[in-house]
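Going by the order they are written in, the chains are A, B, C and D; count residues from 1 in each one.
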Amino acid sequence: ADTSGKRIALSNNYAGNSWRQAMLQSWAQAAKTAISEHQLAAADTFTTPDKEVTTQAAQVQNLILQGYDAIAIDAASPDALNGAVKAACDAHIVVVSFDGIVTAPCAYRIVVDYKKMGEEQVNYLATRFPKGGNLLEIRGLAGTSIDNVIHEGIVAGVAAHPQFKIVGSVEGDWDEATAQKAVASVLSSLPPVVGVVDQGGDGYGAAQAFAAAGRPEPVIIMGNRQDELAWWKQQHDKNGYTTWSATIAPGISSLALWVTQQVLDGKTVPHDLTVPYLQITQADLDQALKTAPVGGVANITYTQQDAIKAIEANSKK
Amino acid sequence: MSGPAALAAEVRSPRPPRQFNARRLFRTALPALSLIIVLLAIRDFNPRAISYFGFNLMLNLAVPVALATVAQLCIITVSDLDLSIGNYVGFIACVTTTWLPTRPWLGAAVILGSIVVYGALGALVQLRQLPSIVVTLGMSFVWLGLALLIRPQPGGTAPSWLAGFMGVHVPFVPFPIVAAVVLAIVMHIVLMKTAFGAVLRGAGGNPAAVARSGWSLLRVKTTAYAMAGVLGSLSGLALVGVSSSAEANMADGYTLLSIAGAILGGAEFVGGRISPVGAVIGALTLQLAAVALNFFQLPELLPGFRIPPEWQVGAQGLILILILAVRALINRGEA
Amino acid sequence: MDREIIQLNAVTKSFGAVQALRGVDLSIQPGQALGLVGHNGAGKSTLMHVLTGTIAPTTGSIASGGGARPDYGVAIAKRLGIRCVFQELSLCPNLTVAENTRIMHPRLRGFGWRRRAGRLITRQLDTMFPDHGIRSDTVISDLSIGRRQMVEIARAFTTTDDPLRLVILDEPTSSLDPSTSRQLLAFTRRFVADGGATILISHLLHEILDYCDRIVVMRDGRVVADEGTAAFDRAKLIVTMGGAAEGHAAEAPVSAATVAAEGPARVRYRPKGETGGTELTAQAGEIIGLAGLAGHGQSDCLVEVFDAAGGRPGRVSVQGPVALVAGDRQTDGIFPLWSIADNITVRSLGSLTQGPLISPQRADALAESWKQRIGIRTPDIHNNILSLSGGNQQKALFARALGSDAEIILMDDPMRGVDIGTKLDVYGLIREEAARGRTFLWYTTEMDELEHCHRIYIFRNGRIVAALPRAELTEERVIHSSFQEAVA
Amino acid sequence: MSGQLAALSRLRTRPWIWSFLGAALVWALAVILAGGHGAWSVITTAIAFSAFTVLVGLGQMFVITLGPGNIDLSLPANIGLASAVAMKVMDGSDGRIALGLLAAVAAGLVIGIVNYLLIRLLRIPPLIATLSSSFVIRSVGISYGRGLQIKPPLAFADLVVARLGGISVLAVLVLLLSILAGVVLARTVYGRSVLAVGQNIRAARLAGLSVRRVRFLTYALCGALGGLCGALLAGFTGGSSLDVGAEYLLTSIAVVVIGGTSVAGGMANVPGLWGAALMLFMIATLLNSSGLGIGVRDLMTGLIIIAVITLAGGRRSLR
């Protein structure tokens, strides 16, 4: 079907960190391509002033009133937006959620396998420390689903490798400063730890806290922020420090845009699409650092072709 | 009596009291004025929004906010401040989605118990003469912790009767407007019109005087806090009714929003000067100001102009400032 | 004779180091108008708080109707029909007149309570102050201090179902103008004639002498005299109160001739919206009286002059630093969290600095010297200001202004609640300071005080309607000008 | 007249003792829980982190002391923007550290002044004025910093985390600053004016104090301290971040009120800021290392705060 007249909106609830900035940039880039190729008429972004789920729900309701054909959402909550999402579906608006997904059955979800991401962290550490050891866990924002799923993955990983033991757990709220403070607050009471498992984006803060306390750096699982990667490289050059990074690429927004376009196009698209998470190994480190702007994040931007491939891959299952 | 005293009858009162009332009336009308300004702006940007369907969508989330705002107002009435209302609403939402559908008795008992706790807080604040801000700050952690214990992950379902109630279709007038009007009237009657409301406000204005007249300040504060507990619980229920599921920190922002709404509506932090109608209007205004932003475009001036994403947050602030500036201008012209 | 309404036996009360009451016996019978006088800080208000149950005595006992009341408190006092108009305002400023009435009467509830409360208070106001001009739906904070006082007094006399036997009036007339005071006092006579009892506290001795049957004099926490009015006259009262001031009493007020009314005007003032008409001017060394009925623009004049200081000359021009002595001390004057010393020195902070810092020694010295000069009764100037009696708080405000570098002192009916002895001292002080070149603008509701002024401006409806030199000042002329329009 | 005035006025200046006692108690519990490990390092860590809390708390305290309704909600946005400004101006070069600090303080100062102008010109309650301005500041921050995390110059980062004998140098500097603030409050005309305005704004005006100037200076001061804190935090956390101030919205208010400053205005308490900041950090330490779930931890945090304030008792009315 012809989608050149369709308008889609991006509902976003936060813009203040590098990940979200990169996410918005990827969206804008894809939107520009789509509009210039007459695949879409408009792809506007809307950002709420606070991170509140209720504000975003109100925003989605307003977007319905604006008469968009589709809404892409990076949701503040998987369930609490369902009321608004359902209203959108009822108004025959296509809803595609990504990163922060919504559970309403009528919506599409582009997810990263967070549980696997958590498990793989422990798996990686098991290759580094076959004898196991103590782990510190940095969690995300309490009470959110992403935090829960990653945590479950980590717990499953530890269950599979019982030589590891989680001796401390703090809330980093996915924010470096918060993570640094939280880690610092427990460090003095912790026995030696060999690894830090986390949710991405708080590795550098943890490293800072360990350095400030004068403790040896454990293997900290990194995110994809440039400062994390730069620190990693610096340590590697200095003493051969090696670790692993797993996160969701902010460019997933561009994938969401193209998937939305495909849905509007009338293609059959499964409601749940799983895409791989972005991982960086020691071998990829230099390449990743090159693409990440200073202070930004390592990223990839997807194309329409990528979207079609992802849809095919998920349809086969 | 003769002479001066007798003459005084005619010449006293250089300022007839009525003049004061006119100013006061104007001040009370200010919140409504802001609301009208916002509505006009919205109509200009998106005429489609000013409809039955549009109001339902724009305002159904304003109902829980308005309830939280009047809950806050009960506390402000006695010259205190509640920093825990947002977390309390989130807690109630978690209780509602976790227990009300399956074990309604347990859920109801927990909600009632929480209201009792709220009342007890008022008693504690009065008995020990504690700053309410610190106590409620502590309580905000308590409610959040309890909510996380009940519902470590988001989810749950709204009891069907609740979702049904919040989605009810009133003929002609959208439900949120009906709800807001009813709320404003009820609160106005309770706080401003009843004999009991006068004592509450009096305790905010001059507690010593109220105590000297033989009232128990303990009872007054307990009542005010318990009322806030009731309204906060209703807010939690309404929120679940709209969003149909819950998470622990879903209403964190209500704390600030409720204070801002009450103040925007003409309440003062101390001294028991409040306006329930103004508070409800203030809550609606704040909600609609956000709407106005989403609709903001200048089709005639700059075709296709949209606020770039990084300025959308700031535009929200500017809109608020703009509303208040217009208010200040009108106020100055009048005064 | 009836049984007593209430009786105090050997009541004492101490606040930390301060002995406010040192063994007071007092018994009050129905049908009696009792006058209570004493210097500032004598313990009058404290005694009244004991009577109404808001303060429990340290030692001593309270009895009523022949029986002892060991657990005496607000509730019992209420049941006994004892009401009090406290010295400091006891209304809720955010409530309306009717709502404040309801606060006092638990009975006023249910449907239509507001109308009933409004009618109750309006009827009482009509009876007591026929010309009050107060609507029952007015919010208290919108009323002038005088009208607030009227509401509070009237409220004390309203009844629903509880008894009303004794009304205590703690300096009720301090914020009322003379004619309203007369209306109040006349009403209390009627109330007493009907079998009620009143206790009237006032520093205006003529009120006590004219309206009371029995006078109790307190000094330093003790009752030093308790006799029928006939046993006293003004002079004897002053002596009994501890009348060191007796000597000054006869001293003649200023004569106009002592000041050379020359030189440039320090203050020029024309009321808002007036172009012609009388202009108020004041020179160095002059004491200028502002007269007229309460609320006719005198306070506005003072505030405008205050605000104009340091600004460009216009309708109001002021040359030199100003300081203001507030009359409404609760809202305009005191800083309730601060000590007496802090309250006195706040106007002079700029001149008490050494380098960037305020010198505590110099601040204390200033406060201490004014405590002595003006006789503030306190063991320690570092005590909280609220530990002072009402009159002594007022003295602290005087000290604040007089102790500053101000050339122009604005006084907003500042003698409210100041005892007679101190008043005479302060009059002397004002004369002395004027002689040194200070200018005083003095709004007063007391005729006697105008005698201390070189020139008097009479205000009516926000306009200046007359300017009288001291020599032409007579009570008739003031009254005539204050009421001119009505007479015409 | 509730009696015992003298004793009371002494008690009113004392509530800060309770926050220190609370901090000590929680610290003891944490040390016991850790089996006696790290007793000293918990203290030094707490001091290092409290420096930032106190720095922001000082500004907020001055504002809150101005009287009911006065509050600065723009601090988090201010801190975030200032961190970006500082890092951008420093540009990773040791020679530009002073310049960067100055720029951050200037940014904060401008924010404070704008806040005051909004309050004054639009005659709106400070709460709403600073809330609105915080939105705008956040946007300025995003478009200025693009959410990028810019690294501090090495010398600056070292300076901010430097310790002498285990004690954070920065904390010592902030301690000196708090002593200065205490002196300003008690002994300068400006400080006294803040206290006077907070008690009775009308009486303050009629006592010849320049109310407007005092309010202006106070909001400007608060903004400037926020800016300074933003720059220092960027050094401490190893890079600018718009979110770095987020936690200071609640924390700045919490340390002020827990520390014994009167929310009704007119009475400030500087030592209490330190007590409260230390106590809050100790609570986090205790609960984070307790191994309890987050729900229980939050619950305990709240209960501890309430317990301490209840034990401390409040102020009693005077008459």
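Rule of thumb we're sticking to: a residue touches a chain if its C-beta (ideal position, glycine included) is under 8 Å from a C-beta of that chain, and two chains touch if they have at least 3 such contacts.
Because the structure is predicted, anything quoted here is derived from the model rather than measured.
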item	value
Pair of chains joined by the greatest number of C-beta pairs in contact	B-D
Distance from the mean Cα position of chain D to that of chain B, given in whole angstrom	28
CA centroid of chain A to CA centroid of chain B, Å	36
Length of the line joining the C-alpha centres of chain A and chain D, rounded to whole Å	33
Distance between chain centroids, defined by C-alpha means - chain A, chain C (Å)	71
Shared interface positions of chain C, touching two or more other chains	54
Contacts with two or more other chains, residues of chain A listed in rising order	15, 49, 142-143
Sites on chain D at which at least two other chains make contact	135, 138, 142, 146, 262, 294, 319
Which pairs of chains touch, using the document's own definition	A-B, A-D, B-C, B-D, C-D
Residues of chain A that touch chain D when the two form their complex	15-22, 49, 139, 142-143, 168-171, 175-178, 180-182, 184-190, 204-205, 208, 212-213, 225-227, 293-296
Contact set on chain D toward chain B in their complex	68-69, 73, 118, 121-125, 127-129, 131-140, 142-143, 146, 250, 253-254, 257-258, 262-264, 293-306, 309-310, 313-317, 319
Touch list for chain B against partner chain A, complex	46, 48-49, 53-54, 57-58, 60-61, 64-65, 147-148, 151-156, 239, 242-254, 287, 290-291, 294-295, 306, 309-310, 312-313, 316-317
Residues of chain C defined as touching chain D within the complex	15-17, 46, 49, 54-55, 88, 303, 306, 321-324, 326, 331-339, 342, 346-347, 349-350, 353, 356-358, 360, 383-384, 386-387, 400, 404
Chain B residues touching chain D - in the complex, by the definition given at the top	81, 83, 124, 128-131, 133-135, 137-149, 152, 207-208, 256, 259-260, 263-264, 268-270, 308, 310-318, 320-321, 324-325, 327-328, 331
